[in-house]
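What follows is a pair of complexes built around chain A, which joins chain B in one and chain C in the other.
Now for the complex of A and B:
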């Protein structure tokens, strides 16, 4: 019974934890501009993150090493440092976007300018990282994030023409968009679903919670059930935008437009629930990304790390996270639009993805680390297909960004 | 000189023929014992004729999965070899020179991770 509860809790937090500011903004932007014609990318991204998280979780459980410990060991210091710099900077960008997201959601709830909420949000994130136990932190934000199901509820309440909506789901470039913007947003959506921090966090979390081989089944269920259901939330967000915003000719540029369909479909109560959900989801993701920045640095440089240690025992790890939060605060204090930061962060996430994916794929095949838990043939075939997809997305992202003027 | 400066340095034999670049250094942990770990001793250098980019560990083992990555990386580092510290004559800033009659070992390790 306890085991069953554990599995249920794991799945629920995986669903609630799947959506972050990147998914919210990108899915809404895509829904409002392309309808459901890009929805296949969410499926591609969800399968990809399942493959990636499954491998990195297995590496962490079998070898006791988290992602960046593996990268440092396997790539050596030179290639490892280039890798760290890119991954770390993009993660920092995501931290900034998530904190901005918390502040924007609080602005919508309170009408107090988001700039005033930013320091509060950052301090709250820091306090939770400093004080709250890892499992409580993960479960509470994950479960509260589940309230984003209101997007699915709102989609039903909007009573869309389901046949028409389903016919939109065929991949095709809408008349008023170009092929380049279509593929640019395909990469953005892919990057939003497969953000690298999810994997840093997932593998480091496995070490934090002391996973052993016998816990792998549970983690596999969490991933293979939780992430696809989380992906359905993404689809619901895009669906809401496609039903309300696309016909009205509104292309999403702010968080208030993301939740507009929920207000229309589910009224004031829905609005209250969606704001709670967004705050929980962005707060949870802010915790995960901030921890990830600490994890990546500490694992690369060999500092002691982890929330299972008292902060005094992992001083550099905690100091690094404080500095990251301050940098994020500084960037947001310039008044840059957090939604814009988010849009860039998901694309750069796609650019940096091969840097972490490749070493994990290699180590997951190495019996010296993995014993008999190396990748099976089937996993390797899928993983190699994804390596190609990830490489193509990574290489195409920046040229497409330039050609399309970042999707304008 | 730090190890980072050594990586990528061209390697020549005694006649000045260029053999490749330093791709990696290999240590054995058999020095003076300490509480946690013994001191490391530099056993020798891995020299690669074509590229000094990362081997991603494939020079050490005979793994073939996931196809075709190991095959590609091995091809990129074809002809790479390991020279013992005793066979190195000069360790300069610009180049490393080997002694005449040096022995080029295979960079692979056996299954226990030993030379």
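Now for the complex of A and C:
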């Protein structure tokens, strides 16, 4: 019974933790411009993150090694450092976007300018990292994030023409968009679903919670059930935008436009719930990305790390996270639009994906680390297909960004 | 273990047979995580130091190694600024190297385990400094989260 509860809790937090500011903004932007014609990318991304998270969780459980220790061991210091620089900077960009997201959601709830909320949000994130137990942190933000289901509820309450909506789901470039922008947003959506920080966080979390091989079944269920259901939430966000914003010709440039369909479909109560959900989802993701920035640095340089230790037992790890939060604060204090930071961060996430994916794939096949838990043939076939997909998306992202003027 | 390239010409003598487990420096030692006797991460193996076996004279840098010189042995794991020189080239002076003596190493597996606590090691001084000067002074810094 306890085990069953554990599985249920794991699935629920995986669903609630799936959506972050990147998913919110990108899905709404895509829905408002392309309808549901890019929704297949969410499916591709969800399967990809399932494969990737599963592998890195298995590596962590079988060898006790988290992602970035493995990356340095396999790539050596030079390529490892290049990899660390890229992954770390993109992660820092995501930290900035998430904290901005918390502040924007609080602005919508309170009408107090978001710039005033930013220091408060950053201090709150730091306090949770400093004091709160890992499992409590994960479960509370994950469960509160579940309130984003209101997007799905609102979609039903909007009473769309389901036949028309379904016919939109066929991949096709809409008449008013070009092929280049279509593929640019396909990559953005892919990057939003497969953000690399989720993998740093997932594998380091496995070490934090002391997973052993026998816990792998539970983690596999969490991932394989929770992430696809989380993906459905993403689809609901895009669906809401496609039903309300696309016909009205509104293109999403702010968070208020992301939640506009919920207000229209589910009224004031829905609005209250969705704001709670966005604060919880971005807060949870801010915690995960901030921790990830500490994890990547500590694992590369071999410092002591982990929330299971008292901060004094992992001093450099905690200092690094404090500095990252301060840098994020500084960037946001310039008045840069957090939604814009988000839009860039998901594309750069796609650019950086192969850097983390390939080393994990190699180590997951190395019997020295994995013993008899190396990748099976089926997993390797899927993993190789995704290696190609990830490489193509990564290489095409920057040229498409230039050609389309970042999707303008 | 890698043998250093001789400075003079001439073919290498064949590697003498060794008993026990053979370690490849690149594969099994470099860039591995180092844990102390309590399982706490200390550092990563940033570089290795080779020296003459005990009782043998050191061959000075830049001289031709005469034939018959006994093979060098691993004397220490290196960490600290040496990582920078390993990435960007160059060689820090020997006095600046932060060493973990090879005699402290207890086991080499997926990680390198030490037989001593990290608390007294030179390799851990930055961690201790940041802990004592910054992190432990913030309220709650020493509180165990579990």
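Points worth noting:
Note that in this section the second predicted complex is superposed on the first by the 408 of 408 C-alpha atoms of A that agree within 3 Å, B and C clash if a C-alpha of one lies under 4 Å from a C-alpha of the other, contacts with A are read in each partner's own complex, and residues count from 1 in each chain.
Operating definition for what follows: contacts are C-beta pairs under 8 Å (C-beta built on N, C-alpha and C of every residue); 3 or more make two chains touch, one makes a residue touch a chain.
Being a predicted model, the structure only gives us computed values, none of them experimental.
When both complexes are superposed on chain A, chain B and chain C clash. In the superposition on chain A, A:4 makes contact with neither chain B nor chain C. In the superposition on chain A, A:175 contacts neither chain B nor chain C. Within the superposed three-chain arrangement, the count of touched residues of chain A is higher for C, of the candidates chain B and chain C.
Contacts of A:380 after superposition: chain B is touched, whereas chain C is not reached. With both structures placed on the common chain, the touch criterion links A:316 to chain C but leaves chain B unconnected.
Of the two partner chains, chain B and chain C are each touched by A:368. In the superposed model, A:408 makes contact with neither chain B nor chain C. By the touch criterion defined above, A:76 lies against chain B and chain C together after alignment on the C-alpha atoms of chain A.
By the touch criterion defined above, A:269 lies against neither chain B nor chain C after alignment on the C-alpha atoms of chain A. Working note: chain C versus chain B after chain A overlay, options 5-13, 59-67 or 131-139, clashing stretch identified as 5-13.
Within chain A, the residues touched by chain B in the first complex and by chain C in the second are 76-78, 368. Residue ranges of chain A in contact with chain C, taken from their complex: 63-65, 69, 72-73, 76-78, 80-81, 130-134, 298, 300-305, 307-313, 315-316, 318-319, 368-369. Those residues of chain A that touch chain B in the complex are listed here as 74-79, 358-359, 361-362, 365-368, 374-375, 380, 383-384.
Against chain A, the residues of chain C that register as touching in their complex are 30-34, 40-44, 46, 79, 83, 86-87, 110-111, 126-128, 130-131, 134-136, 138, 140-146.
Considering their complex, residues 4, 7, 24, 53-54, 56-57, 61, 63, 65-67, 69, 113 of chain B touch chain A.
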